[in-house]
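The same chain A turns up in both complexes below, where it pairs with chain B and then with chain C.
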Partner chain A sequence: MTTFATKNEKKALIERLNVFTAFALGTIAAIVVWRLSLAFLPADSESAPLFTREDKITLLSMIAWFIGFMTGIGALIAPFRWVQGKDLTHEENMFYAGKDLGIKRYFRYTTDHKVVGIQYLVITMVIFGIGGILAMLIRTNLGTPEGGWIHPQAYNSIVGTHGIIMIVGTIIMVTGPFGNYIMPIMIGARDMAFPRLNALSFWLIVAAAIPLIWAQFIGGISTGWSAYNPLAGQAPLGMNGYIMFICIFAISTMVAGANITTTVVRMRARGMTWNRTPIFIYGVVASVALALPAFPVFFLSQVMSGMDRALGTSFYNTALGGSGWLYENLFWIMGHPEVYVILIPAVAALMEMAPVFTRRPLFSFNVAVMGIAGISGLSVLVWAHHMYMSGWAPLLSAPFMLTTELISIPTGMLFLVLVGTLWRGRLWMTVPTLSIFALLWNFMIGGITGIYLSDVPADAFLHGSMFVTAHFHYTLMGAGLTGAIAALIYWFPKMTGKMINKRLSWIAFWLTQIGFNVAFMGMFFVGLQGQPRRVEAYAEIFNKGNLITTIGAYTIMIGMLILLYAVIDSWRSGVNAPMNPWQAKTLEWTVANPVPLENFEVLPIVTSDAYGYGKAKS
Partner chain B sequence: MSDLRSPEQDYFKGKWWKRKDVKQVIVLWIVFTAMIGYFSSKFQVIAMGNPASETMENVINLITLFTWASSPVAGFVAALAIQALSQRRHHGDNPPPEAEHSISDSPRATATWLVISALLCLFALIVGLIALQKDDQALLDRNAIHVNVTGQQWAWNYDYPGSTGVRSNVLHLPVDQPVVFHVTSKDVKHSFWVVQMGVKIDANPGYVTQTAVTPNKIGTFDIRCAELCGLLHAYMQNKVIVESKADYEKWLASQPDTGHTTWTPEGAIE
Partner chain C sequence: MERKVFGALGTVIIGIAVIAGIGTYVAAAKNDPGITQATPAGSFTAEDGKSYPQVKLNLNVYPNSGFGGHHGAGGGAHPDWVSYALGGPNGEILADAKSGTNFQVPPHTAVTITVYQYDSGETLNNDFFAYVRGTVGGTAKFVKSYDTKAKANASPETVITNIPADMVGHTFTLHGMSDGKDQLFVSVPLMMSIDEEVGAAEEGATESGYVQNPTKTTFTFITGDEGEYVWNCEFPCGDGTIARFGNAMSAMGYMSGHFIVKA
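Now for the complex of A and B:
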């Protein structure tokens, strides 16, 4: 009898947990720990550095929030069962997968990869929304040379927050929504290899977001997204929010990386050899596989930063035997692979679309795979090009210049694949098709300016200037985000069952692309004139360029708002999409709209690659 | 389906250079290369303004050279893209008919592309190494004067060793005289950037870093901090006044002794 009662009770517990209980439990835990540590933590000794006690209290409260939130969402239920020597029943697993739950499943610890994909899509859009508002604040402040209406401390914090959340947004923008929703169907699987880890990776991002918002109210992140020490050591309490945010986000990325890699390696449909695996899958795997070694280093660098602040260690404090160069190394060992974590899947998504919209096979699949592999391999060997001017190791400038410039070879391969596919194709003029052209243009500019920066003597002039800012916006936004938006429009019919409004997305495309090029050409110009990055005021000579950039930024904003409207409007009341609107040949287009819970009734068998377009000459 | 594609299909068959689209691409390629090279280098040269040292002249030349070296690649991609865009466009909700071929690879094209991109990469590397070598040599110049630079939130201070302990917050330099900067910081990381002279080096607390330059124009130029260093980072800038040797000596002699006679910046580990 008792067994029955406990079983009933437990099942009821699963049903009761959702995002609201998670927020409630997290908040309660944070407040309790905050009050307790206020009461019981000893005061700092006279000799201790500034902030130490407050740092301890802040970090402990944030950790409590994290544990409370994850308990409240239900992440610990299955692990507790295992400790008891049990597992979830089939019904419970189906409940976890969101069976018959309707809209509620999006607010729960749901394991279905399609739910997780939609959750990722929405949170990515929210992140871009917030990051975009911050960008507009920056650009408005820089519209006039005196800047002025935002306080310098707030301005620095806005720059730092814009930087880090856009980095996070772009990291998850392809592998999150499409890597989760589309990838398993594309390889002919019923779900991810570890569905619960999939839910975990998403809810970790939500848990991570709160410390970052929290940070804004306790001094902000006034150090830029790179949070260099010793500046971070002297920054206000908000820095702890950054540290917690990165630590939790790094766990999320590692979990997602392990999950996606395992899924692709183990769960491809019968007959889907590596030669028949779509190129998008390669892009996603390369991205998350690069994140696997990179993010533990990021995690570690922030743990050490937190220890320096809260526990008085001196990893990065030169006066006590540490080194700021240590932080820079750890940061960029993560930071350089990370830009390819962002870029590769976006380019791969466009390579996936190129044959569909040109009605011919992908040009040189092998070269595409080699390009992705080459970039991934080299990208872990280039980090110190961010430190040419740091004085850390002048003798290493030449070797790092070599590895950095070598990356242009595999990057060139990606260009070859795209232009080779456009060549003698039948162009179907859709927004994704236009995005391929936009990517070629933007990525070409971003890539070539990267070669200037890789060159040490030129970098002696360009490093730390607006030129660098313009360069990485060309790669991450001009190439990366363009690819991600194209992916959204391409897979929108499968993910939402609706067609996206063609006219509006067309207008949005042109406004964002024109605005983007105006904005960042202006930024290249002021960079070459000598305007440093991350400044809130500047000399007269930079007036024109900054004004142009601000005008461009507002154009981007209008374009993005139109796109947002198109997405929301089409999602709610768009035209129902047919099963395969683009007449594409990958597996995700063989399943019905809406996609059934387990995707395939009978698992597919693959007998060819997905690029059999064009009239074969017999 | 892929297995049915005949492997010998290739772009390079028969007199491929006589095809109309190939000719179009070649013409576009030449036009775009010239346009991209010309306008980009113009844009860059105008933006970078007048150099105040040979180092900066080299930077401008280097950037112009890279621009011209990469413009054929950019021009080629642009030519292929525009040619593709200029024909057989299809609008509408249904897909266009299939392309007239099913070419999925072209070993000759990929091999050519790889060889050319490798050569360009090698070229960039060699050019970079030569320029780097020059910059390194400048550090060892025996005729150089040495100036200690100390960054602190949010100002630069300059000590003129060899003088009687002169310290200033506006940098004075004699023209055509090699100078080596020894740069450090009192608090957080800064970056010492003499804009029009094209040199930059980070100022790290606890370490001394070096960079060298020979100003070759008389005038007033900008020094800015290029690394976010806290609240007033944007205002951490001042001027460098380059003057004739006589004027410099006169200025140096007129300055009071501040007691900073030591060469080692405060707190630095040498």
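Now for the complex of A and C:
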């Protein structure tokens, strides 16, 4: 049994480990393995297809970093005890839960879901900050046709890094902060089903970030976010950073998915039947349930990519019997469900808010659930619409076109639910309310342009163009991020105990939405003119649209920075929030601010659904 | 409220400063080797009797980057990659050449390029590039063996329109699409040096590590209006990569660069 140190006493190991020891141990491990690999790894034979020795050294060093970091943060203490046939003591579990640790608990392997939720919120903001900086570098370089501000190879790497980092940011932006902080309280649970896995899922993301940063200094990620093979097989050593990043992130997503699913299935409060379970919970569960099969495939695709580079296998090398199409299939089997991993929880969060700010029940709860289920089911059957022009299985284009276009139906159901809830409601005009309208507008444009892209003849013309880039920004950013920001403002009082500054958040909302529509309408325009994606310079005829897009991007940047200030300033010195500032009816608003360690003194019993604001008028 | 306005404004300014700082760093880190101006060389009279100002460039192609030059001592980050570089007027190896593979020439000018080819070769993927294209008269002058010590041709100079596709060392291919209006496509095959001689030279048989007698190819083309082009080698020489179009073939400063037509 561990005895915890009082002042001046020697600290137990569990007390010593934190993010600083993690970084130190990870760095030392990486350097040691790097030096050993340099000294002992034999040179490649003449017939080695790629620069495999360097790849081996890089990958081994990154794996060492990962193991060192996870050891240094304390992730291995409990498994080590388990191997010894022991378990953590009650005191140790309380220490892991962050009891009485104050701000230090945010820098440790803390298991309390609320700490993990805040950690996710901060890292999501950091990810968006880095991705946003990269976006501004891209747009600045594209401000003039000749480009040239940034070296083309650095530009390629910036585009690839921006892509993958923003995808990861959008994947975690709702299920991370709000799925962890809010969801357990919303279902009436004291914590997640597997608190240690919860901490693990977060710290894996931190561990994953370093190889991605590392990659920038060893050749970058020159392939775009999709890292198609055999292009990735020929890319510089930085590609190994991408591979490690994805592998670690995929483990994090799998762990989080299993944890959230189990929590919702097993730990809902007494009386919270599926019909009384808030729609946000359905969104979160659908998201992680989709991620559960998708991310192991992504993980596998990158393991094979790493083997092709470091061990000379040829999964994707056509010259040696492999297939680039194999990679494309594996990638998009993850890649398209992933779109809905991002979108569903964001839309569900807005569906959760719609009754609160219209004071009406959710319009047709069952249709909302069917819509989420329908999208989830169909989303695993549409991946090859990304490959119409690849030459793989042309006969399958028509079936994939059909399944893709069918997905409009359940998506339409979610639109119907939102519009039906707003219809004749007494609108309380907050930023979340405005966000519902913004989502309807942006998602409509993203959705309709998606129908064109799902159509094989139209896609033959549009694929690989800026039109595609504008389309997915309308869905992932215009719909997804809009929902996530609304969720932040809605749950900010519960997570921080403060009200977010209303005026600044309004200014940020309008600047962001106006800037967004200016930027990506400009991008649609140049896409239709024929400008390809991922180019560092372009022909003069695309100048006007690109300039408009760059102006829009700068407007978004100003809006986002004002929002960032509003969050930081309100968190530090905002007005104290009442327990239930929105007069909402879900369980998270029944607990005090700040939320106590185990949420509820007595677990609640649910006797009705959460939308009893009155009857919907049809 | 005033504090919040200043706070928000400050955040925006700090954000822009961070982006500008990172952007400036990334832009500076591109380590652009600079641009070589072609040397004026009098005038040139075309077959139609029209006279143009003339400029010259002397280039060498090496089997590795050990020559120093713009890759630095020891060949820089990739000493085993093949590379173009500036050369002396008689094919001399310039270990102190600071600029790389970006060239600038004036518009409406005759550009004469001489390439000394120190590398061996194999077979092209596409015979198209075995032909001389886009030069004055559609030809190039070729010397199979140029003695860099004696500074004289060791074999007779011939006029060529093509070379055998299985004897190509590299190509100099200036791609037609520019960022301006004028199209300018030039492609000239560069004959290989003899395999055994290249191998022996690299193993220390010569002082410099390169053959004494490279092949020499000279060609002239006329530039149009201002524009910026990309040129590269079309022989698949990026060893160690699938299809051999990676490594040196996909990195500016080795087998590709910019060709700027500007007054």
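Methods note: the second predicted complex is superposed on the first by the 603 of 618 C-alpha atoms of A that agree within 3 Å, B and C clash if a C-alpha of one lies under 4 Å from a C-alpha of the other, contacts with A are read in each partner's own complex, and residues count from 1 in each chain.
The criterion applied here is as follows: a contact is a pair of C-beta atoms (placed from the backbone, for glycine too) under 8 Å apart; a residue touches a chain by one contact, two chains touch by 3 or more.
This is a predicted model, so every value here is computed, not measured.
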Fit-or-clash call for chain B and chain C when the two complexes are aligned on chain A: fit
After the two structures are overlaid on chain A, angle v-u-w for chain B, chain A, chain C in degrees (C-alpha centres, nearest 10): 60
Per-residue contact with chain A, leading partner among chain C and chain B: B
Partner chain in contact with A:600 - chain B first, chain C second, else both or neither: neither
Contacts of A:319 with chain B and chain C, given as first, second, both or neither: both
Which superposed partner A:230 touches (first chain B, second chain C, both, neither): both
Touched partner set for A:146, first chain B, second chain C, both or neither: second
Partner chain(s) touched by A:537 [first = chain B, second = chain C, both, neither]: both
Which of chain B and chain C A:429 touches, first, second, both or neither: first
Partner chain in contact with A:107 - chain B first, chain C second, else both or neither: neither
Which superposed partner A:133 touches (first chain B, second chain C, both, neither): second
Touched partner set for A:501, first chain B, second chain C, both or neither: second
After superposition on chain A, the shortest CA separation from chain B to chain C (Å): 5
Footprint overlap on chain A, comparing chain B with chain C: 152-153, 230, 234, 319, 537, 539
Residues of chain A that touch chain B when the two form their complex: 147, 152-153, 156, 159, 222-224, 228, 230-231, 234, 276, 318-319, 323-325, 358-367, 389-391, 394, 397-398, 401-402, 405-406, 408-409, 412-413, 415-416, 419-420, 422-429, 437, 440-441, 444, 448, 451-452, 454-458, 460-461, 463-465, 524-530, 532-539, 581-583, 608-609, 611-618
Residue ranges of chain B in contact with chain A within the complex: 1-6, 9, 11, 21, 43-44, 47-49, 55-56, 58-59, 62-63, 66-67, 70, 73-74, 77-78, 80-81, 83-85, 88-91, 93-106, 109-110, 113-114, 117-118, 120-121, 124-125, 127-129, 131-132, 134-136, 183, 187-189, 191, 193, 195-196, 198-202, 204-207, 209-211, 222, 224-235, 267
Chain A to chain C touching residues, read off their complex: 48-51, 133, 136-137, 140, 145-146, 149-154, 158, 230, 233-234, 317, 319, 501, 503-504, 507, 537, 539-540, 557-558, 561-562, 564-566, 568-569
Chain C to chain A touching residues, read off their complex: 1, 4, 7-8, 10-12, 15-16, 18-19, 22-23, 26-27, 29-32, 179, 228, 240-243, 245-247, 250-252
